[in-house]
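Both of the next two complexes hold chain A, though its partner changes from chain B to chain C.
And now, the complex of A and B:
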C-alpha cells in the first residue's frame, strides 16, 4: 500500500486543478441552498400560522419539517452529481493513454483503485461538510435535533460511498467519459426508482425490490434510525463494485 | 538481461506477433525496427507488463513478466509511444509523483529529480504545466520519468520523433552515454539512428522476426547480392546488353546518361567474386575502356526496405 498516498494526492489535486470539483460544489450548493431556503420559509409561515392554531403547533418540528425532506432531496441530487465526479477516474486515463504510463510503473492495481476511490470520497466528503452550514445556521434561530441530522449525514456518507463505487466501476469499463457518466447515471436512477413497482409486484418480489433500492435504505437514516441492515446494504454495494473494478483492471493482465 | 521466447499475441483472431524470440545482454543497445503495424509496440507492451502474451515467455532481469510483474516493472524505465503525460501537472510535480511510485527514497528524491531534469534538459521548465509544453519538451519529460529510479533496463518507443535536430542530437548523446551501463531497447523508424546507436538490430515484419544481426553485418553479410557501379567507355546499348550476358549478373541499370563522356551502369551481381572478374575480362576483351568499378554498400535503409518488401512478395 506504499503507493496509495501518491495516487490519492495526485487524484485529489487534479480534481481541483481542473475546475470539476469547484463547479460540482457550486451547483450542488446552489440547489441544496435553494431547497433549504424554500423549506425553511415554508416552515416559518407554518410556525406563524400555528400561533393561532394550537393543533398545528403540536406537529411542528424543524428537524422533521425542514431537514428530513432536505436530506432526502440531497440523496436525489447526488444521483445527478455523482456521475460527474466519477466519470473521469479511469476513462480519462484510458483515453489519453496515461494508464499505460501508470500501469507500467511498479504499482499494484489495488493501490491505483483505492487511491482514486479515496480521492473521490474526499471530494465528496468536503461537499457534505459544506452543507453542514445549513443546520449550523438553523441553530441560530431554532433548535434542530442533533441525532437525526447526524444519522442523515452518516446515511449520505454511505449512500455516496456506494454511488462512487458504482461510478468507479463504470469508468473502468470505458474510455469515454460521456458514456461513463451516462451509464452511471442510468444505474443510479434505476436503483432509485426500482422500489416504485414494489407495491404491485407481489410480496416476494416487492420485498426484494424494496431491498435493492438505494434510496429506500436512506429513509431510515433520514428518520434518525441507524439500522445495521441499511449500513450493510451500502457497504455491500460499495465493496462489491470495488471488487468488480479491481477484477476489471486485473483482467488486462490475463485477457487476450 | 532480457530473454524473450516464442512470444505470440493475438487480438481476437488477428495475429499481432508470432513466435518472436530474442535476447538482450546487459549493457547492450538493441534496435527494434519494423514498419508501422508490424508488432513493435505490442512487443514492448508485453515486455513492460502492460499486456499479457497469448503464448511465450519473457524474463527481464531474471523475473517473469507474468508471474512477477512488480519486480519486472521496477527494473524497467519505459517511454511509451506518443508519450502520454498528465497534462494538468507541472513538470516537477509529475516527476515527483513518479519518483514516489518508483520508490526513490524521500531523502534523495529532490536531488535525483534535479539530476534527471538536468540530464534531459528540462530544468528550465520545471514549474510549467505539461499542457503548455512543446512536443520536444514533453518527449524529454517522458524520458526523464523513465530514468528516475535509475533502472537497469530502458525501453524507448520512438524517443526522438517530434524533436528538432539539435534536440535529437542531445537525446542520442544521452542514450549513448547510458548505453554502457544500461540495457536499452530502442524502437524507431529512423534508420541512421539505429546505425549510430545500436550494437544489434532486430527487424520485425508482420509480427515475425525477419532479421537479427549487427548493423554492419546486415548491410554487408546479409545481402543476397552485391551492387557494383561501373563506368565504361563504349556504345551504351551494346555495353548494357553485353553486361547482362555475363554469368552472375542479375540486373543491369543504366544510371543517368551523361551529356557527354562515358556511361555509368549500376549492376546487381551475385556474391561470388567470379562475376566481377568476368565483367572486367569481358570489357577489356571487347576493347571498351573500363574507367571505374566499385562495390556499393547497401545502407541499412536498403536492407530494411528489401527485407520488408520481399516478404510481401513485392
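And now, the complex of A and C:
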C-alpha cells in the first residue's frame, strides 16, 4: 500500500485545484441551506402557534420536525451531486490516456482504486462537515437531540460511500464523463425510487424491493435508529461495486 | 451458405426469439403466434450456431472470452456472498435507538409479547396517504415487525380500496384492524398500548364468555325489538367474546368461565337465593355489569348494590337541554365523564333514554372503592315525584329533587377481603378464602342506551363496550406508559430568523466559493 498515499494526494489536489469541488460544495450548501432555512422557519411558526394551543405542542420536536426531513432530503440532493464528483475519477484518465501510465506502472490496481476512492470520500466528508454547521447553529437557538443527528451523519457517510462506489464503477467503464455522470445518476435514482413500487409488487417482491432500496435503509438513520442491517447494506453495496471496479480495471489488460 | 444469408438468419432469429419472449412476458399465455415465433427464432439461432460452429469455437477459445467468462462467474459468486451476508444481517440485526426519550423503542411488555407470538398476525391500517399521524404510526409498526417475524403491517387507503374497507367494516379513517388466524380485532387508537392489547386479544386462544342474566324480564339478546339487545350481542361478539344466557335460579353458582355477568335491565326483583349466588360470585372477584331502569322497583338488588358502595336513586333524570337535540325531556345527554379507564380518551356524548341516578354512597365499606362514571348536564335534575312525572309534568323542587349534574353511572371495585363476619365464623361456610383479584361492578341507571335503537347513537356503543372490556380484561390488559413527550419547540427571534437566512444561504456558500477563488488564483499567480 506504499503507493496509496501519493495517489490519494494527487487525486485530492486535482479536486481542490480545479473549480469542481468548490462549485459542487457551493451549490450543495445553497440547496441544503435553503431547506434548512425553510424548515426551521416553518417550525418556528409552528412553535409560536403552539404557545396558544397546547394540543399542538404535543410532540413538537425540533429534531423530528427540522432535522429528520432535512437529512432525508439531503440524501436526495446527494444523489444529484454525487455523479458530478465521481464522473471524472477514471473516465478522465481514460480519455487523456493517462490510465495506461497508471496501469502499466508497478502500482497495483487496488492502490489506484483505493487512492481515488479515498480522495473522493475525503471531498465528500468535507461537504458533510460543512452541513454540520446547521445543527450547530440550531443548538444556539434551541435544543436539538444529539443522538439522531449523529446517526443521520453516520447514515449519510455510509450512503455517500456506496454512492461513490457506484460512481467509481461507472466511471471505470467509460471514457466519457457525461456518460459516467448520467449513468451514475440513473442508477442512484433507481436505487432511490425502487421502493415506491413495493406497495403494489406483492408481498415477496415488495419486501425484496424494500431491502434493495437505498431510501428505506436511510430512513432508520434519519430518525435516530442505528440498525446493523442498514449499515451492512451500504457496506455491502460499496464493497461489491469496488470489487467490480477492480475487475473492470483489470480487464483493460486482457481485453486488448 | 452465403455470409449475407447467415447475417439475416442471425438477426431474424434474434428478433423472433426476443419478440416472442417479450410477448410472453406481457401476456403470459402461449398463444400460437408466440409459440411459433419463439420456436422458429430458437430454431434459426440453433441452425446458425451449427453452421458457424467453427467460428463459435474460435470465439470460445479466445483468451478474452475465457477471462470474461471467469469474470462473470466470479462476479456472480461475489454477488451471491453479498446477498447471503445481507440476508443474515437482516435476520440477526442489532438496533440502537439514539433518541433521548427512546421514542423508537417498544416497551419491554410489548417486546415480550411479540417474542412469544405464536400465530402470524397482520395489522391493516386504514389510513389515507395524507392522514395525520401516518408517519409516526409507520415508525411504530416498523418496530413491531422488527421484533417479530410473525407480525406484518399494511397500510390501506380506504378511499382507494373501498371493498377492503367494507369487508373489514371500517367506517372511519385511522382505524386499525388486527387479523390473526381468522379472528379480527379493531383498534381505534394508534398508541402502543392499544395495539399491543389488541394483539393480545386477537391471538388469545381461549374465548372469554359474557353471561347475560335472564329470568326477571331482562332485555333479551335474541330480541330484535327497539329495546332488545341483539345489536349489543353482535357488538360484543365482534370484540371476540362469547355471549351466553344465564338463568340464575337454575345454577348453584355463576359458571367458572364467566368473564363478566351482565344484568340487562330487569323488570322484576331478584330472589334472595339468586342474590346470594351473585354475592358469592362477587366475593370471588367477579365482574358485574348492572343496567337498571327508572320506575322499576328492585329493592333487593338495590340493597346488594348498596353493600358494594353504589346507591340507586328512586327517581328519573329530567334534562332540559336534551330537548335541543330533538328528544324527550327524559333523555339526558352525557358529555361529562369522570376520570376512569373506561372513559379515558372518551370525548363524545352518550344518550340515555330515561335513566335513574346512580351515585356512590357517602361512606363505602372498607375495601370498597367507588366513583361516579358519567354525569348529566348542569341543567338536569333527578325528579323524585314519579307520580306527577307519569302524568306528564315535572319541575325541580329544591330539597326533594337532586340538582344536576347527577351521576347516572358508577364504578366500584371491591378488594377481595374476607367477608365481614363479626361473630367470628370466618370461612365456616363452603368456599374458603376468596380468590385474589378485585371484584368490579359497573352500574348504569339505564339499560336502553345499549338497546337496539340507541346503541348506534354517538358514543353509546363505545361506552357499553368499554365498560365490558374494562370488566373482562383486567388481568391481561397491560398498561404501557406513553413515552414522555420530548417537546422541543424552537422560537426564533427576528435577529435569529434573519441569521437563519443569511448564514446558510449566503455567508456559508460565499465563503466556500471565496476559498475556491483564492486557491485557484494563487496557483495561477505562482505560475
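Please note the rule applied: the second predicted complex is superposed on the first by the 255 of 256 C-alpha atoms of A that agree within 3 Å, B and C clash if a C-alpha of one lies under 4 Å from a C-alpha of the other, contacts with A are read in each partner's own complex, and residues count from 1 in each chain.
Rule of thumb we're sticking to: contacts are C-beta pairs under 8 Å (C-beta built on N, C-alpha and C of every residue); 3 or more make two chains touch, one makes a residue touch a chain.
Owing to the predicted nature of the structure, the values given are computational and were not obtained by experimental measurement.
By the touch criterion defined above, A:145 lies against chain C but remains apart from chain B after alignment on the C-alpha atoms of chain A.
Once the two complexes are laid over each other on the shared chain, residue contacts for A:240 go to chain C alone; chain B is not touched. Between chain B and chain C, the partner in contact with more residues of chain A is C. By the touch criterion stated above, A:97 is placed in contact with chain B alone, chain C being left untouched. Once the two complexes are overlaid on the shared chain, A:106 sits against chain B while remaining clear of chain C.
In the superposed model, A:17 lies in contact with both chain B and chain C. In the overlay built on the shared chain, the residue A:73 is in contact with neither chain B nor chain C.
When the two complexes are overlaid on their common chain A, residue A:50 makes contact with chain C while staying clear of chain B. Once the two complexes are overlaid on the shared chain, A:176 sits clear of chain B and of chain C alike. Applying the stated touch rule to the two superposed structures, the overlap between the chain B and chain C interfaces on chain A comprises residues 17-18, 254-256. Per the touch definition, chain A reaches chain C in the complex via residues 16-19, 21-23, 25-27, 29-30, 32-34, 36-37, 40-41, 43-44, 46-48, 50, 57-63, 66, 130, 133-134, 137-138, 141-145, 147-148, 150-151, 199, 211, 223-229, 232-233, 236, 239-240, 243-244, 247, 251, 254-256.
Of all residues in chain A, only 2-3, 5-7, 9-10, 13-14, 17-18, 96-101, 103-108, 252-256 touch chain B in the complex they form.
Residues of chain C touching chain A in their complex: 63-64, 67-68, 71, 74-75, 78-79, 82, 85-86, 89-90, 93-100, 104, 136, 139, 146, 155, 485-492, 496-497, 499-501, 503-505, 508-509, 512-513, 515-517, 519-520, 523.
Those residues of chain B whose C-beta lies close enough to touch chain A in the complex are 9-12, 45, 48-52, 54, 66, 69-70, 73-74, 76, 78, 80, 82, 84-89, 93, 97-98, 100-103, 142, 145.
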